[in-house]
Every structure is written in structure tokens, then in C-alpha cells.
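Listed next: structures, encoded as C-alpha cells.
In the two complexes that follow, chain A is the common piece, with chain B as its partner first and chain C second.
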Partner chain A sequence: MGEKKNRWIWLAIGALLLLIYPFFLTLPFPRHLMIMIFLYASMGLAWNMIGGYAGQISLGHAVYFGAGAYTSTLMLMKLGVTPWIGMIVGGFISVGLAFIIGYPSFKLAGHYFAIATIAIGEIAQQWMLNWDWAGAAVGLTLPILPESFLNMEFHTSKVPYYYIAFGIFSLTILATYWVDRSKLGYYFKAIKGDLEGARSLGINVARYKFYALALSAFFTSICGSFYAQYVLFIDPDSVFPLMLSIIVCLVATLGGVGTVWGPVIGAFILIPISEFTRIQFGGGGKGTDLIIYGFLIMVISIYQPFGVIGLSKRFKKKESE
Partner chain B sequence: MALIEVKGLTKNFGGLMANDHIDLTVNEGEIVGLIGPNGAGKTTLFNCIAGFYPPSGGSVRFKEEEISGLPANDICLRGIARTFQIVRVFKDMTVLDNVMIGAFNRTNLTATATKKALEVLEFCGLASKKNFLAGGLTVANKKRLEFAKALATSPSLLMLDEAMAGLNQTETVEAIELVRKVQQSGITVILVEHVMEVVMPISNRVVVLNYGQKIAEDVPEKIIQHEEVIKAYLGDKYHASRRTH
Partner chain C sequence: MYSSEIILQTVISGLLMGCIYALVAVGLCLIWGLMEIVNFAHGEMLMLGMFTSFWMFTLYHIDPMLSLPLCLVILFLIGVGTYFIIIKKILKAPFLAQILATFGLGIFLRYLAQFLWTPDFRMIKNPALAGRISLGGIFIGVPELTASIITILSFLLLYWFINKTEIGTAILATSEDREAASLMGINSDKMFALGWGIGAACLGVAGALMSNFYYIFPEVGFPFALIAYVAVALGGFGSIPGSFVAGIIIGLVEFLGGLFIAPAFKYTFVFIIYLLVVFIRPQGLWGRY
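Up next, the complex of A and B:
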């Protein structure tokens, strides 16, 4: 039990460090960096529910990210509703999309499911590029409102964004913890492990796959709404790109799929690489981070297929009789 | 009382009649052995009853309700659990987690599932292995785990598909003991098996399939003297060896 107590102490220290971080690092860049880490860690965690726990590799998660971004933005611009409500509504719209997408595509196994999700992501992007009411290819520039928590807009400091991102991140971690310990997590892992075996133990495979995707879509969508409020400009190329779906998948895969902390580790490794190369090379070096990602993924999949977090599990007891 | 009643069950794959109008009744508390040469249709019959194949015809009644054509997970919820000939353990999970997945069939609470899983592991003699990864177990223990997972779903009928194939003498004896214990706890068992030494001593009745048809059904003592069965399956050698005893 000592190990468990230690874990809580480390968790408390980590949370405390992250809480006081903006007081010590006062420049915008370190704060921005941490916000991006929180954002991608949350998305990695969300992706992990369907891709990691349930083993259904989705490469179309930009759909839910974009749906979240567009829902909260459109509700703000057309109806004047606070982005907080837009964020929740966006989450539920994404759950609806998850049902529409999941119903036909869950019949596909393995790679075919991944391919189908790519196709759906591309369709969504094309759709948004041509939908005039929603800004089409020009995108949407969010109205500049007075700084307030209710408006979720802050122009003088990144600190409020930092704490909102930290809140979303904490919520996603908690949700993942809950999934990990509950019937859902066990059933997701069973579906990943052996479909027929899962069925024989009374698992309604189609239903639990949908639960996994719905949870995943909901949290990804919340990240999308936050992103829109943070950047204050969205267009189909920034919130619906295939690259976003791939990076989210990489974050989880590099860190370790099907674990609570894997995607967090992944985000802490990948996002600084991407942000630093962006600064170093500017627009001319676009893609440098992807070259590094590609290299890391190759190394990880050859030497440590369970991700970085697998290093600690390597010594787990195995029976040898 | 009949727990499960199979009537005229038929399954064909294209032109191949894997099961041809099979009738089978199993009473509560019985152990029924299902034997037959390779390709006789034993596993197909299993898959049809457990909902892995939709039957082409006939009916399956379980606890007085028609269940043929229902999906496998529904049938498990109604109380029929099965094991697979080639074990389907979740190899990247621990033994305890494997059994917990079975136990979640009757509860939504992790604590209840853990308690049930630990009981089942104790019952099956796997308690000392609970923290091992399932993929690292020996064949005998994997078979035992497959059994434990099915048992954890709290079935009233347990269907074992060659649960003892590939085990050595001692392991087989232990496995037979386990099946007896399961019967004593009030669970009905249908047993598909190749190993004669397994089926004969523990079955209350034995059903013999050949080329998709039922050719005999009787108590084990009669089955081993049944002319057609000997010809179809047991062979003259077994027949002869019984006489010399």
C-alpha cells in the first residue's frame, strides 16, 4: 500500500507545480507552451479511450475537434450564447456525430476502420470549406468581447487560459481514471483484446464501442471549443485537418496507449518539440517536428511497442513455469 | 427438468450440412458429453447454441424461452457461458482482470466484480496466479483461465469446448475434478471432448455426432458398446481393449 500512498504524493506535487507554474514563468511563451501541452494531452487522453482502451484506431478525430470549435463559435456569433454553454452543446453534438460515424464504421475491422475515419474527416473538412453560413473557407473571426470568465476571452494575459486548459486537462484525467477503474474500461480492453472472447462473456460489442467513441468525441470537442476561444480565429484548415487527427493519435501512441498517463507523457514530449521547431525554423521549417515525430515513432514501435510508459511496465511479473 | 431443449437444429454452410436436425435435451444438474470424430459438427452445434452462428433451422429453448438466433452476448446474459477450443484469454491483461471481465456480466460495480473474480479464481485453483499476465501462463493454466472467465459470468449452463485437449495426465485429472465441482455447485455442463477418459467417467449421458447427425445418445456404459458408435468413432482398437479388461 506504500506504493499507492507514494503515487498520491507525487500526484499532489505535480498538480501543485502546475498550479504555481504561471507565477514563476511569466513570459508568454512558456505559458503558451504549457497550454498547448494541456490541450494536446487532453486530446490524447480522449483519443486514448477509443484508440487506446478499445483498440479502434481513429484517424478522424479532427471531426470532433472541429465540431466543438465551430459549435461554440457559431453559437456565440449567431445567438450570443456564452462559449461555456457552446462548449457543452458542442460536446453533445459530437456525441451525436460519433453515433452517426460509429454506426456504419464499427462494422469495419482494424485498418479498414482507420481508413474509414480518415475519409470521414476529409468529408467533414470539404463540407466546412463550402458551407457559406459557417464561414466557408474564409473561416470565422470571433468577436472581441470584454475580458471576462463568462466570455472566455482574455486579451492581456494568458494566465486565465492557462487555468482553463489545466481544468480541462484535469477533467479528462479524472474521466480516464474513472474509465480505467470501471466496467467500461474492462469492457473496452476486452474488445481490444479479443472480439469473440468479449462477446462470449456477455459484452455487447457494438454498444461499448459506441460508448468509447462517445466519451472520446465529447472531450475532444471540448478541446476544440477551448482552442477557438484561445486563438479567436477558426477555419476548416486549422480545426479540421488530417494532421491534427494524426498528431492526437501520435501523442497517445508515443506515450503509451491504454494507460492513464501514457498520453500525458506523449504530449509532454511531442508538443515542446513541435513548438520549439516552429520558433527555430519558422514557416520555412514546417514539418520538422513531424520528421522528429516519425523518427520517435519508429524507435518506439521497434524497441518499446507499449510506448514510453511501457518502460516501467517492462519488469512486470510474468509467469514462467 | 429440461434446462435446454434443442429441436431439429440444422446448420449448413453452403452445401455442407454441418448439423442435420439435431435433437438434444439437457436436464438441470446434468453433465452431458458430446463426442464425435473430427468434423462431426460438435463445435458448430456449440456455436449455434451460444449464438455465434445463426442456425439455418430448428429451435433452441433455454429455460422455456426460445433463444435461437439471439446474439452471443444476449445468450451469455441469459445464463449460457462457453469456452473456446482455442483459448481466447485477453493476453495483455492480468489473470484477475480477465476473470473480472466475466464477472461484470452480472454487476456494474468494480468492487463486486473483483470479489466474484477472486472467489472464482480460488475455486479454480488460480488464486496464486492472479497478478500474472494471461499471455504468460502455461497451456494448462490458460485452459483453466478460460474456464474461470466463463464461470465468472454466473451461468446456469456451462459449455466446454475441448477444455482438456492438450493437457497431460495429471492436469486432465485436475480438470475433471474441477468440472465435477462445478456440477456440485449446481451448474449444468455440456462437454465436447476428444479424450475418452474424460467424457466416460464424468458424463451422465453421452451424445454422439457423426457427419452432422446424431447417431447415439445413452449412458456412457451403453455408448461404449453401441455398435454404430464403435464403427464410426471409437474404432475396433478401443472396442477390443474394453473386452480384454
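Up next, the complex of A and C:
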């Protein structure tokens, strides 16, 4: 009981620190860094629902991110609808996409599923590059609107973005907690652990895989809409790249898949490394940060295949022995 | 609507490109069949093959056709090195770690190339093989034609090596049953390393051939790798003739689809083939399982 109480205290302290963070760090960069951490942590958590809990390795999550970014942006530009509504609509469009993608691909296992998701991601990017109405390869520059919460555009300070990102992050954490504790989570884990066993216990495997992907797609899509409002420019190369799908998967893997806090830890380690290397070596399209990324991915998967959480579990085991 | 000449021209272009796809795919197919690990850095290894050829030409004025054996050896060493440095350590790792390890290698190599050699598109200026021949209104590029002839020869050689030589049979035995093979005194470690070496060497050959007529840039490999994954699924695990036929089919579908519908959707067609195959005949055209 004592340990559980402790955990809630730590959680409250953590949340409080994150809430007052922008008051102490007033420069744009630390705020931007934290916004990116929230964004990637949320996407890692979303990926974790299908990739971690249900064990279906998707390498095409950029599709949902891009769908969210394009839906809210197009609705704003063509219909003048507030991005908040666009965000929700985008989420549901992504759930629809998850159904269309999931229905055929869920019959595939292992490598076949992973390759199918890569191919779908590439196709989506190819289509968007050729879709003139949606800006094609040129991309979409969001109109500059008066600063307001309703418009989700803030030009003088990053603080409102910070709190919106924090809100999205908290929401995804809560959703993950709910999945982790509910019956749904047990079904997901059963599918991951033993597909045939789950099926023989009467679990409708296809349906629960779809639920996992739908939840995952919805939250990834919300991140996409937020990203569009934050950067105010999107194109197929920035919101549909394979690299994004890989990084999202990596955030979850680095921390530890199939756990609530794994992707959060992953984002807190990985995003600062990537942002700092971009500042140190960036510019000129050299992609030095990506060399380091690639190297890290190799080293982590060779030496720490179970993530940082796996590392701490190993230590705990040693202590108890 | 389409004259028969245009259709014939497209079919021939598709066949020639299909040969290249087949040569890229067969390396992947060997590795996949041998140890059930997908090399997600396959495209980047092809890129290294192309750049080897490019630099030999630019720095030492050695024509791609002459530097081809060197490309083969260098890529063979890269393949063996990859096995010992990375793959050997993840043989028993979880599935996700196996995927990410080779993906990480691919990203590392791609952006290292971009860092060292800039993202520019390059071409080999005036290689020995150039120009095209005309047969009754149909044009065939000489470099492409040479590439497909060498591809066919490589496939025959590889087929002979795997099926008729002692080492080839040992590789087959290892892919069949690792434990049983090691009881027969076959060192599976050596066989895996050799498999990676041969798989990468195919890319050295493909890279040297392609550098005659294709742009060379750090991101060149990925689309070819994606097509190779489809080709391997289509041809069947570890089947050499399967990869060849699959490469040709994909080349034809891509070019005919591009002609009749729109080039922008060519990946879509290739991918639809992939889905059809994995649903209707998951073991592939030549698969044994």
C-alpha cells in the first residue's frame, strides 16, 4: 500500500513541475523542447497501444499523423472551421483509415504486417504529393489568424502551445492507463502473447486488433493536427515520412513497450538528444542528427532490446536476489 | 488508343527494369530464407554499391563495368561485417529489436552518405556503355540490356552455387534446419555470414550495373528495397527462381500500370500485388512452406 501511495505523490509532483515549467524557463528553446517531448511522448504512447500492448509492429503511423495534420488544416483553409473541430474530425477520419488499413493487414503476421504498413505509408505519401487540391508537393501554409485559443494560433509566446501539448500528453497517458487496467488491455496482451490461445478462449482477435489500432490512430492523428497548428506549414515530406513512423516506434521501444511509462521515458531521453544534435550540427541538410539516430537505434536494439524499463527491472531482480 | 509499338516498348522497358528488381531482391531473399531476418538496410547497401562504382569512376577513371568485381567484393565484406557486428547479436532478440537493428543501420548509412557526399543527384558521365539500339521502332538502352544479361548470368551462377556445390548445399541445409545442420558438422555461424556476404554481393553487382544509367544519391536505395520486399513475398522464401520471376512481374506491372493509369500510382499497383499474394498464396509462387 505504501508503495502505491508513494507513486501518487511522485505523479503529483511530476505534474506540478511540468505545469510550472514555463514560468521558470522563459526562453523559447526550453519551451519548444518540452513541447516536442510532449508531442513525441503522446505519439509513442499511441503507438504503444497497437505496437506494445497488442504486439502488432506498425511502421506506418505517419499515415495517421499526416491525416490529422491535413484534415484540420484543410478544414480550416477551405471551410473556415476551427482547428479544434478539425482535430476531432481528423481523429475519426484516422479511425476510418485504421479500419481500411487494418481490415486486410491484420491477417498478416510479423514481418509481413510490418512491411505492409511501410508500403501503405509510402503510398499515402505518394498520393499526397500528387493531390493538387491538397497542395500536392508544395504543401499548405496555414493562414495567419488573430491569436486566440479558438484559432489555436499563438504568435507571441509558446506558452499556450505548451499547455495544449501538455493537455494532449495527459489525455494519452490517461487513455493508456485505462487500457492497461481494463479488460481491453488484457485482451491486447493475450493477442500479443499467444494469438492462437487468445482465439481459442473466444477473443475476437481481428476486432480487438482493430480497437487497438483505432485508439492508436486517433491519438496519433490529434498529435498531427496540433503539429500543423504549431508549425503552421505542412507538406507530404514533413508529415508523412517513414522516418516519423520509425521515430515513434523507437520512442516506445527505447523506454519499454507494453508499459505505461516506457514511451514517456523514451521521449524524455531521445527528443533532447535529437533537438540538441540538430542545433549543434544542423543546417545545410546534412542530417547529422539522423546519423546519430540511426546509430542509437542500432545500439539500443543490440544491447537493450527490452528498453530502459527492462534495465530497471533487471536491477530490481538483482536487488531481490 | 495506345499503338502496339508503345505497348511493346513499355513491356520491354518493364522487363529490363524487372531484371534489376530481381537482382536486388535475390540478396534479400537468400538472407530472409536462411535465417528469417529481414534486412531493412538492403536499399542502403545497394546505394553503397552504386557509390562505390561512382567514386571508382570519378576518382580513378575506372569504368563501372571494370569496377564491378571490386563492388562485388566490397559489398561482400560489408555483408559479412554486418552479420558479425550486428546480426549475430540479435539472433535471439525480440522481433521488434531485430527489425529496428537493421532499420537503424539503414538510417545510419543513408545519412552518413548524405553527410559525406551531400544529397546531390549524380551521374556517371560518358560510361563505356551508353546509347541505345533500335529494333523496328523499339528502343533498347545498351546499359539496361547489358544489366539484364549480367543479371541472368548471375542468377544462373547463384542457382548453380546453391544447388550444386558443397557450400551451397550446406547453406540450404542450415536454412532448412539449423540444429540438424550443426549436428552434421555445419558451422551455422559461418553459413549465416556467407549468406549475408552473398546477399550483399548481389547488391554490389546491381549497384555497379545501375550506376551506368541511374541517378546516384543517398536516398536512391529505399524504393528498390521496398520493391524487393514485395518481390521476395511474391517469389517465396529463399527461392532463387522465385525472386527472378517476381522481379520481372513487378517490373511489368509497374511500367504497364504507369502507362495505362498514371505513373504516380505505380507503388500502389506493386503494393496491391503484395497484398494479393500474401492473402491468396502466402508461401509465394515458389515457396516450399
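In this text, the second predicted complex is superposed on the first by the 293 of 321 C-alpha atoms of A that agree within 3 Å, B and C clash if a C-alpha of one lies under 4 Å from a C-alpha of the other, contacts with A are read in each partner's own complex, and residues count from 1 in each chain.
By definition in this document, contacts are C-beta pairs under 8 Å (C-beta built on N, C-alpha and C of every residue); 3 or more make two chains touch, one makes a residue touch a chain.
Bear in mind that the values here come from a model prediction, so they are computed numbers and not experimental data.
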item	value
First, second, both or neither for A:Ile57, with chain B first and chain C second	second
If touched residues of chain A are counted for chain B and for chain C, the larger one	C
Which of chain B and chain C A:Ser200 touches, first, second, both or neither	first
Touched partner set for A:Tyr186, first chain B, second chain C, both or neither	first
Touched partner set for A:Lys5, first chain B, second chain C, both or neither	neither
Touching partner for A:Glu122 - first (chain B), second (chain C), both, neither	second
Residues of chain C defined as touching chain A within the complex	32, 36, 38, 86, 89-90, 93-101, 103-112, 114-115, 119, 222, 226, 229-230, 233, 264-265, 267-268, 270-271, 274-275, 278-279, 282
Partner chain C, residues of chain A touching it in the complex	51, 57, 59, 104-105, 107-108, 110-112, 114-116, 118-120, 122-123, 126-127, 129-130, 242-243, 246, 249-250, 253, 257, 285-288, 290-291, 293-302, 305-306
Touch list for chain B against partner chain A, complex	50, 52, 71-74, 76-77, 81-82, 84, 88-93, 97, 100-102, 104-105, 107-110, 113, 129, 131-133, 135-138, 141, 149-150, 153
Residues on chain A engaged by chain B in the complex (per definition of touch)	181-183, 186-187, 189-190, 193-194, 196-205, 316-321
